[in-house]
Amino acid sequence: MEFRGIFPALTTPFEADGEVSLSGLKENIGRYNKTGLAGYLVLGSTGESVMLGREEADAVLVAVKETAAPGKLLIAGTGAESTRETIARTKRAAALGYQAALVKTPYYYKPVYCAESYLRHYRAVADASPIPVLLYSVPAFTGVTLETPEILALAEHGNIAGIKDSSGSVQRVGEVVSGAPAKFQVLTGGASVVYPALCVGARGAILALASALPEKFVELYDLVTQGRHEQAKNLQLALASTSKCIVTENGIAGVKYAMDLRGYHGGLPRLPLLPLKEEKKQQIGGLLALRETSDVRV
Amino acid sequence: MEFRGIFPALTTPFEADGEVSLSGLKENIGRYNKTGLAGYLVLGSTGESVMLGREEADAVLVAVKETAAPGKLLIAGTGAESTRETIARTKRAAALGYQAALVKTPYYYKPVYCAESYLRHYRAVADASPIPVLLYSVPAFTGVTLETPEILALAEHGNIAGIKDSSGSVQRVGEVVSGAPAKFQVLTGGASVVYPALCVGARGAILALASALPEKFVELYDLVTQGRHEQAKNLQLALASTSKCIVTENGIAGVKYAMDLRGYHGGLPRLPLLPLKEEKKQQIGGLLALRETSDVRV
Amino acid sequence: MEFRGIFPALTTPFEADGEVSLSGLKENIGRYNKTGLAGYLVLGSTGESVMLGREEADAVLVAVKETAAPGKLLIAGTGAESTRETIARTKRAAALGYQAALVKTPYYYKPVYCAESYLRHYRAVADASPIPVLLYSVPAFTGVTLETPEILALAEHGNIAGIKDSSGSVQRVGEVVSGAPAKFQVLTGGASVVYPALCVGARGAILALASALPEKFVELYDLVTQGRHEQAKNLQLALASTSKCIVTENGIAGVKYAMDLRGYHGGLPRLPLLPLKEEKKQQIGGLLALRETSDVRV
Amino acid sequence: MEFRGIFPALTTPFEADGEVSLSGLKENIGRYNKTGLAGYLVLGSTGESVMLGREEADAVLVAVKETAAPGKLLIAGTGAESTRETIARTKRAAALGYQAALVKTPYYYKPVYCAESYLRHYRAVADASPIPVLLYSVPAFTGVTLETPEILALAEHGNIAGIKDSSGSVQRVGEVVSGAPAKFQVLTGGASVVYPALCVGARGAILALASALPEKFVELYDLVTQGRHEQAKNLQLALASTSKCIVTENGIAGVKYAMDLRGYHGGLPRLPLLPLKEEKKQQIGGLLALRETSDVRV
């Protein structure tokens, strides 16, 4: 299975009463289907998966599966704290037609988790999973970093297909690319380092901001694969500052607001994620207006 | 409501097939009922709450409620990532007869959570809760520390009764004791600092290790309340090294093994928490054997 | 050698032109001589030792030695990054009449320093030193924490007399007290935890704030040694909030300003330590005025 | 002034008795003069500057100046904790013929340093310096990270020519390149990210490992400037694993041993930096032997 290109980490829209908006989600997918996105990540960190109940999560999986265009690769976030629940969620996603599972590291008991804990967890999940597993290292949220030796050990497993590394470390991308078997694929989760990550061998990216600006990241990916380095650099630098303003400073609320401005169903995240303050909205509004009309068109 | 004395953070025993052992849990409670423990914390970090499904959690709450002796104060861990789920769990615990709710900080989206996030979360939960709320700050697991200004702001809320602070900072205990209204009660989660925390004004402690050694911590508490400082110091120092060996180095697996040695239903934690290696078992075994026969009797 | 009681970490006053004010320093010592302080720490972190040239440091050592009253125990901060320079400074301090050396951990190359690095460093210094050595762990400044196993290993050395632990961890104080030989003495560097640290076996404290409020900390120490726990608790809680406002929030500039208000030679620190803003001065002024007249007299 | 290309962060060789070996240093420079290195950084972190006395530092500066070939740009590390000492060292380096000063952030009092502290420090140094100043952010050693807003504010100063960023963050390189005036030049200090950093706009690199493998890094730089991306990627990945084994795992002792193997004067670092264990020597020996004969020739 090839994970080339750009995957948005989908947001989960909510109705005014706080319930999941499956219709909004489907409309978003309908629009994404027309872009060059390689597929969709459902129930990732950006999807507020840790805020959803089990029935809600199932409904989201079903809705995206029903709406996604053929050829869009479907990845489900299935990581839970316990190995048994992670396996259960992974099997469920496979049964619903998902082609790969993205499994974040367990993290709550991090003071006693050691390399062996992660190796056993991922091997048990990969052994039991009907679909390929992607590791997911996202230290900003979990406080846990999958280090290169652990990644390389897991890369040997036949049913572990790659990693989404959201540490932002371009160095680690290179280490894994040079140390892992060719079948093991690295996707970056850092919108600010897509271009340099691709330079050192990443295959693509899974990005929150691609939910609001899918075309821009697809364009960036295409520039790199075409060897147009100078243009890639300029677009990357513009997207990096956009990402900083929207994602780094405002998180999911920022991504959803940028989606609203671009005609998607964004809306508000669940509390305790706070709505954006007016000043932040104006910043993002100004930034996106500027980008639409600028030379680098971001 | 008074939270004086020692509360064990209960473990959740599992059967050999991995299912929750309600009978084991009830037998444990039966023995604890005969001690001087002030009450029980159910579904805390030590209870592997993040490893349990909703039905399992409910069954645990019911089992403890049915078995607890009258007069034992019942606290339920009800913190979830979203405010709405936290409120739902808190109401459920109240409906099942629990007298207080322990609510850990939300933590997954910590890069964008700010003081206001925590204030709004806790106020919304406390407003909606039929029972008093205890804040719960446990940075080792969550990566989030409730700082003194936030604690003092929340201490003003009529339905926020206190805090379990597991940061290990005796300094913060003092700051909160001297800055908060008298009704706001500080419980420490650090087995190694029970005595100094009581010295600066904590009312009691909620402790994992009290699931294995309840009498020792009750004895420590009694020594301090009787002003027997020299004996309290000696018992504290002995318990601190015991706690380091069992809890700090081995986590829940260590606590459960110590429970096994002392005749409780301990057993294994759920994966990815690993079973103890033989060498660790012998260390703990040696330590507890030694303690049973030593002068300070820890 | 006994390190009982309260030692101020002396500040280094500067003239308006930025040169060391030896006369101001001597006048400060003259006043301290009349208090119950157990001795003086010269050239510690609070003394801006990392801001001083070698000749300046020597002049400071000489000035304090000349002025200190008999019976005041004299400790010199002599830690440098290299073992050889630390030994040279320690011998120099001994030659100038200092009775003990406080040696902070090396820290610049912390990514490659390991436990063995610290053990070899301290053993080499202690072997070469004509005077007893105190370990100094100050992670807020150095990013290095001396952990209990290393401390206990070093506590066996005949010329290592104790430790100043500025980590703020009361737990570590207890661990070291219960694990080290009786001759090894623990002094805390945390003004907010003097009382609880003494409760678990510390012998005294070395404190920046004791340069501004020596009598208060001596009083606190005396209350504890007399077993007057309730009064000790109240004074400690008051001093903790004073320390937070002056030392934690403002560092050396805050300590020096508090000294000015109390009639000592405080003055400004060297850049890049910034002078206090007016608002901070008023806060500290209000706090000290309040303390002077309040019941707990802090 | 242009800082294009590769600069080694020079090591300081010592004689068997621990004294600085000026002759060894000069012989090293003699060999480097024949390579494509753009210039030399003297008295950086790799030069054990924090281990050297003032006279030793001066002698090192003089020796390199005397030996460097014309056209090699000479940069002196002059950062000290105090602003006044930093200025003194910078003026001294200028007087000795150095063309630029690399000034690391102050760091000891990091709990009270704020953005304003760094801005005032660097502006005062740049105002007083006869030669252009390069900022130096090296969080692994100092615990301080110069963040993008501070860097961009300082980039406006006429005598601040650029930055050596050793944080390893390729994202920050991009942020600074896109936000700073064109005259402000970014050099990376990360041997593992030279190629991606150049891709997003860095001008060159200052590297410890270039003291042992100067030709390889010059080759990497040339490949990138020639647009030979695939070869650059392969060489970068090989050099990244070499750097991890030598520099990350072993620090200066590793760099010096690699220098020994390649015929330079490496030798031992000063204590508490420990000599390499035999096993590490064999690892590095095996790695360098392998590299010499491999296709990618690293």
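The first chain written gets the first letter, and so on, giving A, B, C and D; residue counts start at 1 in each chain.
As a convention for this text, contacts are C-beta pairs under 8 Å (C-beta built on N, C-alpha and C of every residue); 3 or more make two chains touch, one makes a residue touch a chain.
Remember, predicted model here, so these are calculated numbers, not experimental data.
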item	value
Shortest walk length in steps over touching chains, chain A through to chain C	2
Distance-maximising chain from chain D - centres being C-alpha averages	B
Rounded Å distance, chain B centre to chain C centre (Cα mean)	36
Distance between chain centroids, defined by C-alpha means - chain B, chain D (Å)	50
Junction residues of chain C, two or more chains touched	none
Interfacial residue positions of chain C with respect to chain B in the complex	168-171, 174-175, 177-179, 190, 192-193, 195-197, 199-201, 227, 229, 233, 236-238, 240-241, 244
Of chain D, residues touching chain C in the complex	18, 45, 50-51, 53-54, 81-85, 106, 108-114, 116-118, 120-121, 124, 140-143, 248, 250-253, 270-274
